[in-house]
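Have a look at the structure below, then the notes.
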Amino acid sequence: MKKIINDPSTVVAESLAGLAAAHADVLKVRTEPAVIYRADAPVTGKVAVISGGGSGHEPMHGGLVGLGMLDAACPGAVFTSPTPDQVQAAAELVDGGAGVLLIVKNYTGDVLNFETAAEFAEGDVRTVVIDDDVAVKDSLYTAGRRGVGGTVLLEKIVGGAAEGGYGLDEVEALARKVISQVRSMGVALTACTVPHVGEPSFVLADDEIEIGIGIHGEPGRQRVPHMPADQLVPALLEPILEDLPFQSGDRVLLFTNSMGGTPLIELYLAHGIAERLLAERGIVVQRRLVGPYVTSLEMQGMSLTLLKVDDEMLRWWDAPVRTAALRWGV
Amino acid sequence: MKKIINDPSTVVAESLAGLAAAHADVLKVRTEPAVIYRADAPVTGKVAVISGGGSGHEPMHGGLVGLGMLDAACPGAVFTSPTPDQVQAAAELVDGGAGVLLIVKNYTGDVLNFETAAEFAEGDVRTVVIDDDVAVKDSLYTAGRRGVGGTVLLEKIVGGAAEGGYGLDEVEALARKVISQVRSMGVALTACTVPHVGEPSFVLADDEIEIGIGIHGEPGRQRVPHMPADQLVPALLEPILEDLPFQSGDRVLLFTNSMGGTPLIELYLAHGIAERLLAERGIVVQRRLVGPYVTSLEMQGMSLTLLKVDDEMLRWWDAPVRTAALRWGV
Amino acid sequence: MAASCTVDGVVAAIRKVAATVEEHRDELVNLDREIGDGDHGENLKRGFTAVLSKLDNPGETPAAVLKLVASTLISTVGGAAGPLYGTAFLRASSAVGQETELTAESIVAALGAALNGVVARGKAEPGDKTMVDALGPAVAAAQESGSGDIAAVLSAAAEAADKGAQDTIPLVARKGRASYLGERSAGHMDPGARSTALLLRAFADAAS
Amino acid sequence: MAASCTVDGVVAAIRKVAATVEEHRDELVNLDREIGDGDHGENLKRGFTAVLSKLDNPGETPAAVLKLVASTLISTVGGAAGPLYGTAFLRASSAVGQETELTAESIVAALGAALNGVVARGKAEPGDKTMVDALGPAVAAAQESGSGDIAAVLSAAAEAADKGAQDTIPLVARKGRASYLGERSAGHMDPGARSTALLLRAFADAAS
C-alpha cells in the first residue's frame, strides 16, 4: 500500500486539518467528535441540513458543506458510518431554530447511527434516507438499496431550498421527492485499499470489471470481462432507465461521477456517450454534473446518476452554492 | 490496460465531445484541428489568452476555458503537444482585436509548435513560456525547466486581468511576473498508462516512489523508498522554498495538486502538512487551491506549487471565473 | 466455577474481551473484506481500545460498567456494529438493575435482553446471516443450561455462538452490507456472528 | 543504381518511409518510454498515415511532394518531432527548387538543408542525444561519398545515421524531454535518432 499518509489511524483527523486550513472561508472543523460545519453556523431561522457517512468518499460530504448546501457533515472512519455523538454535536452546532434535516445514505450502519442520534436529539429533527442504487434489488427482506451518487444532487437541491427559506416540512417533502426520482449505477475497474486494511478490498483481473459496485469497496453484483465504453455506458444506463422508468420527454439531470481514480479524459468520454444515448431516447438532459464527487478512495470506475427534474428541483439546483467542491452563483 | 475508452486513437476526440456536451454554457469545441474555446468568443476588445498542450492533464487546459481565464485551449494527442494549425485556428476563433497571448509550458514540443504557429500568425501575438518545475536543473545547455502546476495559477491570474481590461503589454508583463515568482515540485506513487502505449510509462515497486516527476509520465530525477507524508511533503516543499527563495514574511498562494489518482483524503492531509510547515517558517499563505488540476491520467501522486503573490496577482486571482473546473464570483 | 460476579469480575471480563478483539482484529477485518467493507475488526478494536481507557473508573455496579461499555461503543465504533453492540450492552445493563453481584440467572436475563435489543434495532431474523445467528443460539443455550454456575452458563452460550457463527457460512445474507452480494454472500462466515462468538468466548474464559 | 529520381520516385520513397514508420511504431514508442513520454512512434505513425492519404495528389515536382510531407507532418505529428521533421522536409523542398529530377548532388544538398533546418529550430548540438546525432553524420557521409549515384549517397547516409543512432546510447541528453533525466538518460538510444536512421534507410532502400 502506497498512500500519502502517516498512520492509518490518524488519516481522517489529519485530512480534516488540511481541509480546515484550505477552506477557512467556507467551513470549520471540530474534533472529538469530528464535525465539519459551515463557517457562519448556526444560521438563525434556517432549516439546518446535516449529512455524513464514512470517510473516503471525498469531496462528499465535507466538501459539500457551505452556503446553499450542507450545514454540517459528520465524517466517520474510512468507509465506516459516523457515530451518534458526531451527529448530535453537529445538530447542536448548526441548529438555527428552524429544525434539522438529517440526510442518511441507506446502509445499516448509517441508518442505525443516525437513528440513535435522532432519538436523543432535541428540537424538530427529521430524517430522510436515500437509496438510489439500482444495482441492489430492493426488498423488504434485505438492507435495501444503497445510497450513492444521488446523494450529492439531493444535498444540493435540498440545501438550496433550505438556504432559500423553505420550512422544515417543505424541505423534507422536497427531499423525499428527489429521492423518489433519482437512480444510479456504478462500475469498478480496480479496487481500492482502505488504509487500515492495507490490501485491496477485492481483486479484479486485468481484463475484469465489477458492475454494480458499491462505494465502500464492497464487491458488486456481477463480474464481467472488460468492455469498450460504448458497451459499458449502456450497461450502466439501461438498468437506471428501466427502473424509474425514465421515458421520452422526461427532463433530467445527468451526473457522471468518477469513483476517484478514473481521469477526466475517460469520464468526459463516458459522459458524451450517455448524452448521446439519452438524446436517442428523447430524454432531455437539462443539467449535468461531471467529476469525482462520490468516490471510493483511489478506485478506478464511474457511476451514472439520473434525476428526473421538475421546475422546483431545477430552481434549487441552480441556486447559489459555495462549498469546497461545488460553487456557483457566488 | 483497463480504461473507459473505445479506441486509443479516438480517445481525445470522444472526450472532447463529452466536454462540449457537459459545458455548452461555457465552451465550444471545434474539430480538425481541435480547439476548445469560449462559448462567447471572440470577446471584442479583450486580449485573448490561449494555451494548450498534450491531453491527459485534464482539467488543464480545456477545463480552464471560459470567462476570466482562457479564451481557447489546444488539446494535443495524449501527452503530445498540439500542432501549429490548432494554435492558428484558436487564434482566429478568439482574437478580439486586442492581441493574443500564448501561454506555453516549457517542453521542446510545445515550444516548437507554438513558435511555428506564432510565426504564421497575423496580428499582435505574444508568447510566454512557463517553467516552474524545480525538479529539473535549469541550464542554458538543456531543455530547461518544465512547465507544471504553476500553469493553472498563471492562466487564472492572466485570464482575470485580460477579462478586467488589461492591454496586451500589461497582460504580458503580468504573465512574466507570475512566471518569475512561481515554483513547483511533484512526486509519483504510481505510473500512468498512455492509451496508445497500453502499458505503464514506468514501473515503480510497491515501496518505491519517484520524486521530481514530470506530468507526462516521464520518470523523475530520483527513485526513493516510500516515506510517510510528514517526510514526503517537506521533500517537495524544501527545494521549492530554497529555489526562489521564499522567505519569512512572504505572502504566497499554495497549490496542492493531485496527479489524478491520489484521492482528496490524502491530498488534504498533505495540504495540511504544507500549511503547517509554511506557518513555521513565517510564510503567510493568503490563498490556496487544492485538487486535481494538472494531472497525468490516473497517476497517483501530487505536486506542490508556491506562488509569491502581490496585490496585483491577488486581485486577478480573486476576480470572477467561470470554467468547467474553476468557478467563483459568478 | 463461580455462582456470582462482582463489579471487578465484570471489569476483568471486559478487559479479556478487549484483548480478544485486539487479537482477532485482522481475522475480523478479513472476514468483512470478503462480504462487507473490511472494517469490522478495526471498528471493534477502536471501540474496545476506547473502553479500556475508561475502565479505571468503571463505576460502582456491574450495570454501570455495562452502561459505560455501551455508551463508549456507541460513540466510537460506528458502522452497523456500533449501535448494535452498544444496544446489546445497554439492554444488558438495564436487565441487571442495581445488583452488586451478578448471578447465573441475571446473566441469562442480560443475554436475553441483549438479543432483544439487537433484534429491535437491527430487525434481523434468524438465518439472515448476522450477529443474531450467533447471539440467538447463545441465549437459547444459556437458558437451557439451567445451571447456577456463571462459567457453565457462559460456556454453553459461547459454544452455541461458535456453532451459530459457523452455521452462517452457507447462508445468503439478507441484512447488512453482505446482503448486497445476494447469492455471492454464501460460502463466507458473517463477521458480526464471528465477533459475537469471540466476545462470548472471552466472557466464558474470564468466568472460568 | 540511379543517377536521377523523378516525382514518382520521391512518392514511392515516401510510401516506403511510411511503411517503415508503421512497422517500427512499437519500437519507437518503447524507446521513447525509456527516456521520454512514449509517443514518438505513435506521433510519426499518425503523421505518415496522414501523408499517405494525401499522396494520390502529390504535386508536379519533387519539391512539391517534399513540401506536402512537411506541412502534413507539421499539422499532424505534434510533439518535438513534428516541427523538427516538418522543418527538415520543408528545407529539403526549398533546396531542390524546381528540379523535375533529383540528382545525387541535389540530394546531398537537400540532406544538408534538412540538417540546418533541424538545428535552426531545435538548437541541438552534436552529442546532445537527439536526431541531430543521426542526421549530422548522415549528411557528412553523403557529402564525403562523392558518388553520382543516388542509391550510393543515400546508403552511405543511412549507414552513418544508423551508427550515429547507436552512438547516442551512452550519451547524457541535453535537449528534449530526455534531458530531464540527467545522467539516467545514458544507456538508452535516442528515439528521434533511431527514427532518423529508419527514415534514411527507407529512402536508401527505395532508391536501390
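Labels A, B, C and D are assigned to the chains in the order they are written; within every chain, residues are numbered from 1.
Keep this in mind: a contact is a pair of C-beta atoms (placed from the backbone, for glycine too) under 8 Å apart; a residue touches a chain by one contact, two chains touch by 3 or more.
This one's a predicted model, so the numbers in the text were calculated from it and none came from an experiment.
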Item to check | Set of chains whose contacts include both subunit D and subunit A | outcome: B
Checklist outcome for this item: Minus subunit B, the contact groups are A, C | D
Next on the checklist: Taking each chain's centre as the mean of its C-alpha atoms, which one ends up farthest from the centre of subunit C?
Outcome noted: D
Next on the checklist: Using mean CA coordinates as chain centres, what's the gap between subunit A and subunit B in Å?
Outcome noted: 29
Checklist entry - Approximately how many whole Å separate the CA-defined centres of subunit B and subunit D? => result 32
Checklist entry - Where the centres are mean C-alpha positions, what is the separation of subunit C from subunit D, in Å? => result 76
Checklist outcome for this item: Distance in whole angstrom between the CA centres of subunit B and subunit C is 54
Checklist outcome for this item: By the touch definition above, subunit B meets two or more other chains at residues 78
Checklist entry - Considering only which chains touch which, how would you classify the arrangement: line, ring, star, complete or other? => result line
Checklist entry - What are all the chain pairs that meet the touch criterion? => result A-B, A-C, B-D
Checklist outcome for this item: Within the complex, subunit D is touched by subunit B residues 9, 33, 54, 76-85, 107-109, 112-113, 115-116, 135-137, 141-143, 146, 194, 196-197, 199, 201-202, 214, 216-221
Checklist entry - Inside the complex, what are the residues of subunit C that reach subunit A? => result 29, 33, 36-39, 42-43, 46, 74-84, 86, 121-122, 174-177, 179-182, 184
Checklist entry - Where on subunit A does subunit B make contact in their complex? => result 2-7, 11-12, 14-22, 55-56, 58-59, 63, 78, 189-190, 206-207, 209, 226, 228-230, 232, 256, 260-273, 275, 285, 288, 290, 292, 295, 297-298, 300, 302, 324, 327-330
